[in-house]
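Following: one structure in structure tokens, then a few remarks.
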């Protein structure tokens, strides 16, 4: 298990050497981009909790009936529910897995972990970040001072406690995490994949650098000229990116900084339905909202115009001052 | 107590927690009562208090009536001094920039260890809880204030699982585990304010909440509590504290 | 020597606990700020080569006749000359030390290293970065894959080569560098020290986090309101900063991104003077430009209005498109 | 050769170096001839070439006539795709995003090791040179092209000091030193284009520059050179290459 997770450097470099990192347009549809996600892969998700969740891409991956995905995200919420509930994933790596602070425990997660043998592999929030960062730096580990002494550490033989060769202090070395594919949603990028991210970055930059391929969904595709006018606003460079998909409201019903807040009526209804019946409630939700719609636009229509407008009005208010 | 019915237990928690903060401190606050309490402190006695959120925010000013649904949402960033990556804001704890970590708790033990991962045997858990989030990082790397509900099943002798370390097994075991900095500083409940013995690192009662007896606290606690000789009684919430708090959370999202 | 460089974690934390990190105004003069720099201290310099050099602060430190400073900078140029030549520093840690690519070798550096016993301690560019980054993260080292097999590594017993406990690969652990004080020049910050840096960041963010105190010089002090309107543009948080000094053209005769390019006539004259006579030429330069002027403004007057205007015109052209 | 006096040695260097690049590559370029050569390639055969600079620049488009004084100056960023920290741009090499590192050299040896630190004994150097800069990082972590002046004192059997590693002591010693990726790929001088033997990792002549004999190359080299059976002669600079190059550097800052 551990061996499978930590790629030797030569393999990491070989994978990279094979990747097409040339300056080229890579705009495609959700359907096409989903081909980068194959059964059994390690998938890293951008954003955190209910923010900039790459929901449209997750939605498409579930529609394409992927299986056995090992999914990592710094903090995972209803996206984790959908991945477990649909059968797309049987292993989630995260620091926290619930339906959001307002609703607490996920009965879906509990059902799948407590009775279905699925795995929720827990690391501290910083440790998840250091694992991506090590992956993005091309080193096999980073040293940290968290998790020491806790049972969280004792459950993670993948990490190694050492005595610092300089100071003798106890340190925990957390292994690099290089997902096979990262799904990241951004406010805007160009056709090459040069991406700007407004506001909260979470771990997306490290994740993009660490992953062996990146699917970028974006609220809006802008010209390369626009990117080049403010090169210090680019957060992810194009050569990390393998697919660009324009998906307005691509984090719905979660939020996207500066554009829309979470769609709370939909979230409330969702939580009530799946927490009251994590099996049938989830099945019905997936049928209606994931498998049912013919397109992402049709999915947004099901959430409803009023929700979208309200979330957008609240989303833009971050800039009012 | 004439004030007995004029505030909720959560309001009491938030107000007593806010009183633990000092002006000028850098406070890493979790969602819910911690966020409310830190904001309350900032708007009453501590204008130079700096609040950090796990989502990657430094110096937030939460807008009254617009509490964020988590510390990873954009509402946390309004009028902040800085927004940065979430690994980077957690690293500030490791470097030592943070004075106080402030969070809620589901289960705590005599040494201030917190469990938010498992109820029952982790190998075959009765309940799989949400996990650590940044809790382990915060409690490993700075001084902690925990605000939580006081119930016997939550105040246990030893937690089922140490998610966020307090003093581990007491004495020097925290330092010996590789955590030389920080540690559990205060636990605030609707019954009392707790500290930890300098040597044994066991929880002790520092002050009783208004109208609460020693027996009531002990009866609701799953281990034997130490009481300070000079155990005080906390002054009740003031009108100013209550008004400010209710302005922050008019919908009682976190203070019902 | 090594022990002195790597602070144990408890000491690092104790230093930090004593620091006033409250939200408070800290605007002062160059003279006052220089009191943070004491003889024998480890001083980290922001910027790189000829860019965003904290020249005004260096100038003031030299004027105040500081001695025995151990100075680190990712790439150091004429600022290193001045520090060696004035006697302020006898130890410079850097990846590259010359007078700038256009002029090559520094005869001043050569004189002081080859015949005066001063030390130019060489690390790879990335290694300098990883040393600051480790310092900023509060860990005693970071692993890297550079310097291995080279004589640069063999000259640095301060670093440790290990076999990776995960993969068995050879790695180099570079020790954290936590300067006693960092001097950093930025385009703008508020009175608390919340700083925005446009364009090239170099290693300034890691350096600011790593240092035990930071003196920020800034082209312009702006309101805290302005900072708070775009919190994702803040690059250094106020609680890292111990002094704020407003110094227009504070990097002169070097450049400051978006505001001015290097003042090339002055640089040419400087190089010609000190390279032709690294002792007397340097002494004369220091007398005229460092010890002589009554103020930074008088120093700028010596460089001359035409140079300033020309450099400013070129500096702003980065935004023309 | 009718072209013999129509271009300078530096122009020849830049043009032959540019020819080594392929479209779509990600190239980490040093200042001087490397920057010129990469820009020349980008403006002739390789529009999808990406240039990285050590100062923290991705996808730069250097403006003709406005060459930067170093790769750490703002002129490098004009119309770039991204500006980032200088440690971060170097880490891209370590992660493997870069195809080619491209720099100048002061002294090189038979195994492609470069010295830019010391002439003479490092403990008591005759000359203290400027040092590695990013050179060590680049040559440790990717495939290298080096453009340099061909003189006997610069092409030595073993460098005084390995600043930037080539193949160390030949054979597998680079890999054994912990550098499994990259290595010296090409050396370009005003006399010839060099590669390295697959097994011994010693420098060999791949192609002679126009009008240059084997003897001339060997006479200017401080170690015995291997010549390929099929050693070719490089076609001279074309008018288009020369014109484009001169447009980039009209003041001959780097091509005098």
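To keep things simple, chains are lettered A, B, C and D as they appear, and every chain counts its residues starting from 1.
The rule is simple: a contact is a pair of C-beta atoms (placed from the backbone, for glycine too) under 8 Å apart; a residue touches a chain by one contact, two chains touch by 3 or more.
Every value quoted in this text rests on a predicted model; they were computed, and no experiment measured them.
Undergrad: Touching both subunit A and subunit B: give me those chains, sorted by label.
TA: Output, common partners of subunit A and subunit B: C.
Undergrad: Counting hops between chains that touch, how far apart are subunit B and subunit D?
TA: Minimum number of steps from subunit B to subunit D: 2.
Undergrad: Name the chain pair with more contacting C-beta pairs, choosing from C-D and B-C.
TA: C-D
Undergrad: How many angstrom lie between the CA centroids of subunit C and subunit D, rounded to a whole number?
TA: Here the centre of subunit D sits 29 Å away from the centre of subunit C.
Undergrad: Determine the centre-to-centre distance between subunit A and subunit C, using the mean Cα coordinates as centres, and give it in whole Å.
TA: One centre to the other, that is 38 Å.
Undergrad: Let me have the rounded angstrom distance from the C-alpha centre of subunit A over to the C-alpha centre of subunit D, please.
TA: Distance between chain centres, rounded to whole Å: 40 Å.
Undergrad: Tell me, which residues of subunit C touch at least two other chains?
TA: 9, 138-139, 144-145, 169, 171, 199-201, 228, 232, 321
Undergrad: Give me the residues of subunit B that touch two or more other chains.
TA: 57, 77, 79, 83-84, 91, 94, 180
Undergrad: What pattern do the touching chains form: line, ring, star, complete or other?
TA: Shape of the chain contacts: other, as it matches none of the listed patterns.
Undergrad: What are all the chain pairs that meet the touch criterion?
TA: Result of the pairwise touch check is A-B, A-C, A-D, B-C, C-D.
Undergrad: Okay, in this complex, where on subunit C does subunit D touch?
TA: Residues 48-51, 74-75, 94-98, 100-102, 104-106, 109-110, 113-114, 120, 122-130, 132-133, 144-152, 155, 161, 169-172, 199-203, 205-206, 255, 257-258, 261-262, 315, 318, 321 of subunit C touch subunit D in their complex.
Undergrad: Would you mind writing out the residues of subunit B in touch with subunit C in their complex?
TA: Residues 23-26, 47-50, 57-59, 61, 77, 79-84, 91-92, 94-97, 99, 180-181 of subunit B touch subunit C in their complex.
Undergrad: Which bits of subunit C are touching subunit A when the two form their complex?
TA: Touching subunit A: residues 6, 8-9, 138-145, 160, 162, 164-167, 169, 171, 173, 175, 198-201, 225, 228-229, 232, 321 of subunit C.
Undergrad: What does subunit A use to touch subunit D in their complex?
TA: So the residues of subunit A in touch with subunit D come to 9-10, 12-13, 16-17, 20-24, 136-139, 192, 194, 209, 224, 227-228, 231-232, 234, 237-240.
Undergrad: State the interface residues of subunit B toward subunit A in the complex, per the touch definition above.
TA: My answer: residues 31-32, 54-57, 69-70, 72-75, 77-79, 83-87, 90-91, 93-94, 117, 122, 125-137, 140-141, 161-165, 168, 173-174, 177-180, 253.
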